[in-house]
Structure formats: structure tokens, C-alpha cells
Amino acid sequence: MPVITMDGPKLSLEQKAELVKAFTKIAAEVTKIPEKSFIVLIEERERDNVGVGGVLLSQMQK
Amino acid sequence: MPVITMDGPKLSLEQKAELVKAFTKIAAEVTKIPEKSFIVLIEERERDNVGVGGVLLSQMQK
Amino acid sequence: MPVITMDGPKLSLEQKAELVKAFTKIAAEVTKIPEKSFIVLIEERERDNVGVGGVLLSQMQK
Amino acid sequence: MPVITMDGPKLSLEQKAELVKAFTKIAAEVTKIPEKSFIVLIEERERDNVGVGGVLLSQMQK
Amino acid sequence: MPVITMDGPKLSLEQKAELVKAFTKIAAEVTKIPEKSFIVLIEERERDNVGVGGVLLSQMQK
Amino acid sequence: MPVITMDGPKLSLEQKAELVKAFTKIAAEVTKIPEKSFIVLIEERERDNVGVGGVLLSQMQK
């Protein structure tokens, strides 16, 4: 029972459904484990709570 | 200092208190590590953010 | 499909089987989700790779 | 900088490369974030360290 | 591309910016990996969702 | 009891001790939580198990 987690931006319901479907299909094909065994967890993280290169995403210069 | 994480549905305060107490008691008994050293983190995940078998929980047919 | 993770010390096969059985039983009782839906992941972490209070477990004074 | 994690079985180098490539491509398409911003972490977990329905994968009846 | 995660209390924007800057600086110095490669994820967890020694933080006696 | 996790490259014992000490000191200063309450978990991940931009670290062109 593999667990796939995506930690990223806010997503629409359509984007979530599409990601879950596609991640599961690919992972099942590559691992030969049936699709029904896969769990996908989506973590939508605020830009105030992610830092890249020492700077918060919400404070980066455009 | 073991860390136990439960990623699951929305829970009441009573359910959280019960889970934390029981997980800690069992893990301390099995590992012989004192109860005071255990941390339990509860992650309540929306049904829109969990996929099983390629389908979001919130979109499954009943 | 809740996911329970325990990040802790090295364990015997018997300890792992006992933890998985007991965590699943309790979590199913508290959440009213069937036992078959629970996944438990065990992470056995070396004492060189855990710090408490700023000190590695492997370097603590007994 | 989204982070995708897959916690699953032992994989060959070819399977890992294929998963990383495909997860990144799909996630970039769905989120409109450039591929170069994605990180994928692969955790290969022993069957002794995964429980489903209260039983270790390594002890399940075939 | 190392990923540093801090799971802790609610923080102000200033605290988050300071943590991200300082964690990244130190980790880059210790590992000799450039600062721009580090990602920091901040998880702010409610006191109802953390247990220590079998008791929820929100229910501890002062 | 905050939990800080660093998922990165192989490290020497000295690097681990230094990271744990420095992460804990900074996090305690920023959050005003005592140092003794912090746990740091170090995950050393193989270059075959990390992808950036769709390519495994171990297969990147120098």
C-alpha cells in the first residue's frame, strides 16, 4: 500500500482529482502494484510557510 | 523520543485525547521507552485532499 | 485510508507486528473506520540521526 | 517548490528514474509550475515495516 | 535539494522569515550545499493536535 | 514539542551533531520554546532516491 504525498500550492478540486488519478496510474504502471492499493495525500501549503533559498515564497521579489 | 503521526479524518477533541493516550500507552509498552518521551502529531486531512485507488474520497460513489 | 507513522528505535519483528496490530485496532475503534483501511509505516531511525534538546541520542550522557 | 514523496516498495534504478520523470511532468502540467521546481523523494520501505489492516505485509497470507 | 521541515506552534510572519533564513544559512554551512538549493516547510499545528506523554498540549495542566 | 526534520545527503557524525545543536538553538530563540523540547530527525537520502526537475540526482550531468 504505497503512499504518495504532494506538498505544494493551493489547488482546485479539478486539479486534485487530476493529480490523484494520474499519479496513481503512473505509479501502478511502474511498480506493477494494482491502482486500488495506492493512497495519495495532498498538502496545500501557504506561501508564508515555504522557504526557498532562505526566503519565504510570499516575500520573494517578482 | 519517538514521534507517532496519524494522518486521517476530522476528529473531535475527545477522539484526539483518546488516540493520543492509547497510542502512547501501547507504544511505550511495546518499545520499553517511557510514555513521557512520546510525541503524537494528528493531521486532519480534508476528503478533497485524499485519493484512494486514483479517486478522491470526496468523489467516491457511496 | 488513514496512515499512521511511527518514527522510533530499531524494533524486532515481533514488536513491529504487535505495534501494527494494536495501533490499527485502537484507531479503528476511536474513528469508526474499518481496520482494513489503515496503513501503518514504521521508520527505524539510528540514534546518530535523532537529536533531543540539541544533542544526538548517541552522544547523550547515560 | 513542491515536494512529492513516494513511500513504497524497493525499486530498480530504472523504475526510480521513470517515476521521477513522470510525476514531475504531470505535476508541472496540472499546477502550471515549471518542472525544474519539483523535488521528488523516494522512500523504499521494507515489507516488515508496513502494516495494512493490522498485519505486516511480510506476514500476510498469499 | 534538501528539505527541512519544522512542525511546531503558530508563528508570526517575522518568526517564519527568521527561521527560514537561519535554518538555510546553517544547513548550507554544515553541508556545503548552496543556500539556493534548500527548501523549508513550516507546519503550524494546533495544540489540540499534539500529544506529549499521552496528553494533548491543549489539556495539560499549567 | 516541535519536531524538525532534515531530509538531505549523507552526513558525518560531526555534521549531524552540529546541525542538531544549531537548529535547536535557533528554533528555541525564535519560538521562545525551551531547547529541551525540540526533537530533530535526520533523514539521509541516497542520490538515487531524489529527483530534481524530473531527473535523479545520481544521473545529473556534472
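Labels for the chains are A, B, C, D, E and F, by order of writing; each one numbers its residues from 1.
One rule holds in what follows: contacts are C-beta pairs under 8 Å (C-beta built on N, C-alpha and C of every residue); 3 or more make two chains touch, one makes a residue touch a chain.
Because the structure is predicted, anything quoted here is derived from the model rather than measured.
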item	value
For chain D, the least number of touch steps when starting out from chain A	1
Partner chains that chain C and chain E have in common	A, B, D, F
Mean-CA-position distance for chain F and chain A (Å)	21
Centroid spacing, where centroids are CA-atom means, of chain D and chain E in whole angstrom	24
For chain E paired with chain F, centre-to-centre distance based on mean C-alpha positions, whole Å	11
In chain F, residues with contacts to at least two other chains	1, 3, 7, 19, 23, 39, 41, 50, 52
Contacting chain pairs - touch in the sense defined above	A-B, A-C, A-D, A-E, B-C, B-E, B-F, C-D, C-F, D-E, D-F, E-F
Contacting residues of chain E [partner chain A, same complex]	13, 16-17, 19-21, 23-25, 35-44
Chain B - residues contacting chain A, complex	7, 45, 48-56, 58-59
Residues of chain C touching chain A in the complex	1, 3, 39, 41
Residue numbers on chain E that touch chain F, as the complex places them	1-9, 11, 15, 18-19, 22-23, 26-27, 30-31, 33, 50, 52, 57
